[in-house]
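Chain lettering (A, B, C and D) follows the sequence in which the chains are written, and residue indices restart at 1 in each chain.
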């Protein structure tokens, strides 16, 4: 097999665009998080990946783009695989190829991982695709594309329902020819997870290379290293968080298994949110924005909210305003997106592809106009 | 002419739905403002209106709907006219007919007016159309439909560019089967008009019957009477203001011709808005919401913003939040709408029909879900 | 009135684009048929038409376009009227203005007519709009826009339901920047009208200037003069006929009031069409194409069919093929258009605006590609 | 692996819907052609297929639907594979699952094959999905979905560009809840292949079970057996052929390698088609329809044409009409579909997904109305 092809170890590859925060010291290319992957412009008639994958209960999914268009998307099972990215291409033609992980980093499954060990090809690696912008997306299940695949009736929390390929993040980046990095985790929030679990907040791992990819094994691939923010300076950072914090008000209390502390976002008798808890969310939001700003002094920040309801909107806009007032930093915007309706909902009562297309349209318009002015 | 038809004086009409705030004491039906009009279910083969119109420089436009669908839209010139709403209809059929003013109330042209004096028909007046909801819209040129008609290249400020027929207000009301009242004025704001003229704020006339219809003559038709808020209790009041206040920061100072006071919304050297002026807008917004609430204790209030840019969004959301904090009244929502882009812009760089359709979709979804819960 | 404006008699006008087949000898501009009208590029702040209209039972409707966009559409009543096309325009600006008849020529109402006697303006007539192509449309109620206005529930045969403004003819011509002439009559066919009345066939009047505008009075405006085909050489002639011939098979016999002859398109017992009657339609179709070709030696001919069902499609395509075989003339195409469905149907179970948009898209694509090749 | 799952050999499976013409005597389920596959309603938490695949140069692709929605699509490489159709599903839930071949039968690659040998699951096989209709599609590259995947710039003839998932055939069947069988081959025609190779005509293999799957090995799976037409009686048979016959007129002559005969569809000097060759196509079309009718006495036949240009339309409609005239059989319809434009074209200048959606809309409307009447 592959007898007329050359084998290149991952560490030997050149002219490769690596997507996502990756450990420069790793010999293998570890796809631990959504949109982590490799991309190249390559001649040759065939291209195969040499990969090894694992998972405990949430199997990773991957996708293949040829010439910037999705042509394949599939589950990656445990073990070693040869994955053919293309074959039967005319000799001499240059193909743009991208292979990337669809599934978010799995905090709950430390084994969910795709390792690229090398590749076989008879082609040459040309200069990789050039991007006009760099964007970073920070979010929850919406940004993890939960619901972008699957039937409206699907209820199970499964890998196939999640994607990068059909998210507003991908659509926006395609429209702007932007390189994209995503840090997102379904169920997580700013101050609290959907179930009042306050350990599930994205800020905790934002400064790590890939902190949402849990477990000892992933540390081998630099998951818990400090991220080198100088290595990727986003033109804009898009945060789409708050949906799970809103959920906490409607969920039962959560007892921290370690500290036995009881966490609960509380409502008043009239159904409104307890002021004190709103304050906690606002403070956590301000703090998270400061954390982002500290690490990204020049990036425009866009806070998005609304695709799954508007409940927390005034709390989030208040937080953004307070951040501006406290710091004098105006390089930030708060935008509301339309909530799902019966036509735009996807699987698991999450935003479907139609909802993501609308969100991407609004965000793209905004960023285009921002980039024009700046 | 009209020899086989009966003439009904305006004051004699029964089974008529009057749209807009109208003076119950007036013998004539005065259409002074957008969507003011009459609607009925009527049998008969013909229906003609007996009207008299006037204007100084902004001629009124009117529209006709048959069976809830727009079939005609036209300029109404000075003088007396017989306007045929339909003819050639089969005897015995019931037609739903609406005749309404397209043009906003003209603060700058006190003569802009259509008077319905009576009508000719051979039909019978059946029970008028029933509406499931009552909505009130308060706004500026966006809500006055400026740009919903005309070519993208049109630049003159003319009556034909404005409408009720193609606004998000009308589209939302059609989708919800809601009766609609509109109080809107191009160029006006919450704290300041587009040109820093602080006299041009909607709150000033909100409690009048039709205060935006200026002039002595219009007073004959009750324009400056106090509005009887008990006579029309909206399920929701939609405010779409702020666009012109934002404009003030970019415009030269305005000198009040009477007081010689100089008005100007100011920027800091770095281009941001002066905190003190933002505070003034916030305070004016809070005050206006309180005024609306005072007169409409039960109505849900929705503040919309964004169709012409997001510049003032955090100031407006802050005002809404402060209102809630100060009053404990949570029966209010702040929603952002997508700004125009090259596909959705209309005439005079204002939102076009496509933009209004998108806005109506988002507002309709929101109100549907609000009505379901309440 | 009009005191600062100059009056121009119709016969004195220059730099005017006249739409539709018109009598060069007429002192008045007579709008007897759909899309007959005038268009100009004009400076000035105001423009008024001096018109006189009449009808017996089907009142004419008219439309106004400013800068190539529809802004008004309305019934024109009997008598003399001043119609304002625009006012309040900045001095020095050039406006493109079109005023045209919406309603088809009325064979059944010889009085249905709009006469333009002159106009008032303070502007100058600039070079009129330039068109890249000339197109002629020949059709029935579909091409007369029946159903493009009005509610789906509307059933009466009224003028307001018909238009040129929302037809595939207008949409196609706008997309191609083509000058448009229309010869169409609801209910008429190639060999037979919808009710088996064989007098109602378009070919009968094709060589007349405006033969479908019946009556003695219209002759004053040249309606029955021979059309000078050299005066307007279409790049393409689009025929959309056959729908009413198909209807004849399902309708009762028609007795010619003059000859007492009985006309009926007949079915076999199994519901299929009688071969002999199909032959008659085919022969009439071939003859009509020959008539068109005789008068338009160079024009590409496109026969359209299908918007109201496909029943006669094979008969029409057969006729087109026979025409080619008999004459060797290949400068002709047969195209099927999608039939209406519940989303695209308009008033009176005729194609609605959505259906016309789809038809225009297909025709525009075809003509674009034809014009590219030729 | 699969330790808690039961293994079922293909021959033991029950409650399985087999898609496509398959050999009832085969112990393995051989997917030789597009949309051949298996479908079931199954409980259980996991489902794996035991497959073995092969190809020489055109690798097969497959797709997975869960609950009637596409969730995965991928290349199937040579050799034995465990393919997971789903995992991680809640115990007790019933999932509708379909696994099918995307790639057409490959006349040029007799090794292109997916064999299902069995499956592992912990679930129970419930009654399989019920379909309201049975449809058969006969076509060329259009029906083989060539161009439905891939970038517009893609030029190579590769497996990934072809699909069943995004074809009008699949979309129509989903809209009508119809079971679908497809017999299609890129480049083939009625009388001649695209390159004038007259051996490449679909009729030759229509009566075989899966004759387009060439080669000795495929015979093991019944490919060259006579198809039992009684086993699947289509409500309608849709033929979409003619595009390649049209191409022959523009291609160089083809020399039959066996007989050395020279094949060429010829043009006259003026660029029109030679009458004699048109006749040959017409005759071949009539003969093919007769062949279809012979085997399917009750099925409605719909001949489609136009997605890649209208050149042969009058020849095909003529053939359909002649068939009717010769046989008196009216249970057949000829429909034209809109040709691609710049927005609807896909890869390899073939119809893209947008074009297939339009075609499916027109065909679905037609069949719905046919089914209503019949």
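By our rule, a contact is a pair of C-beta atoms (placed from the backbone, for glycine too) under 8 Å apart; a residue touches a chain by one contact, two chains touch by 3 or more.
Just so you know, these numbers come straight off a predicted model, no measurement behind them.
Asks: Walk from chain A over to chain D along touching chains and report the minimum step count.
Replies: The least step count works out to 1.
Asks: Looking at the contacts, which chains touch chain A and chain B alike?
Replies: Intersection of chain A and chain B contact lists gives nothing.
Asks: How many angstrom lie between the centres of chain C and chain D, each centre taken as the mean Cα position?
Replies: Once rounded, the distance between the two centres reads 43 Å.
Asks: When the C-alpha atoms of chain A and chain C are each averaged to a single point, how far apart are the two points in Å?
Replies: Chain A and chain C have C-alpha centres separated by 56 Å.
Asks: So, what's the distance in Å between the C-alpha centres of chain C and chain B?
Replies: Distance between chain centres: 38 Å.
Asks: Would you please write down the residue numbers of chain B that are in contact with two or more other chains?
Replies: Not one residue of chain B touches more than one other chain, so the list is empty.
Asks: Can you name every chain pair that touches?
Replies: A-B, A-D, B-C, C-D
Asks: Within the complex, which stretch of chain C touches chain D?
Replies: On the chain C side, the touching residues are 270, 272, 306, 310, 313-314, 317-318, 320-321, 324, 330, 333-336, 338-339, 341, 361-362, 365-366, 369.
Asks: Mind listing the chain B positions that touch chain C in their complex?
Replies: Going through chain B, the ones touching chain C are 57-59, 61, 66-69, 71-75, 77, 82, 84, 86-90, 93, 149-151, 153-160.
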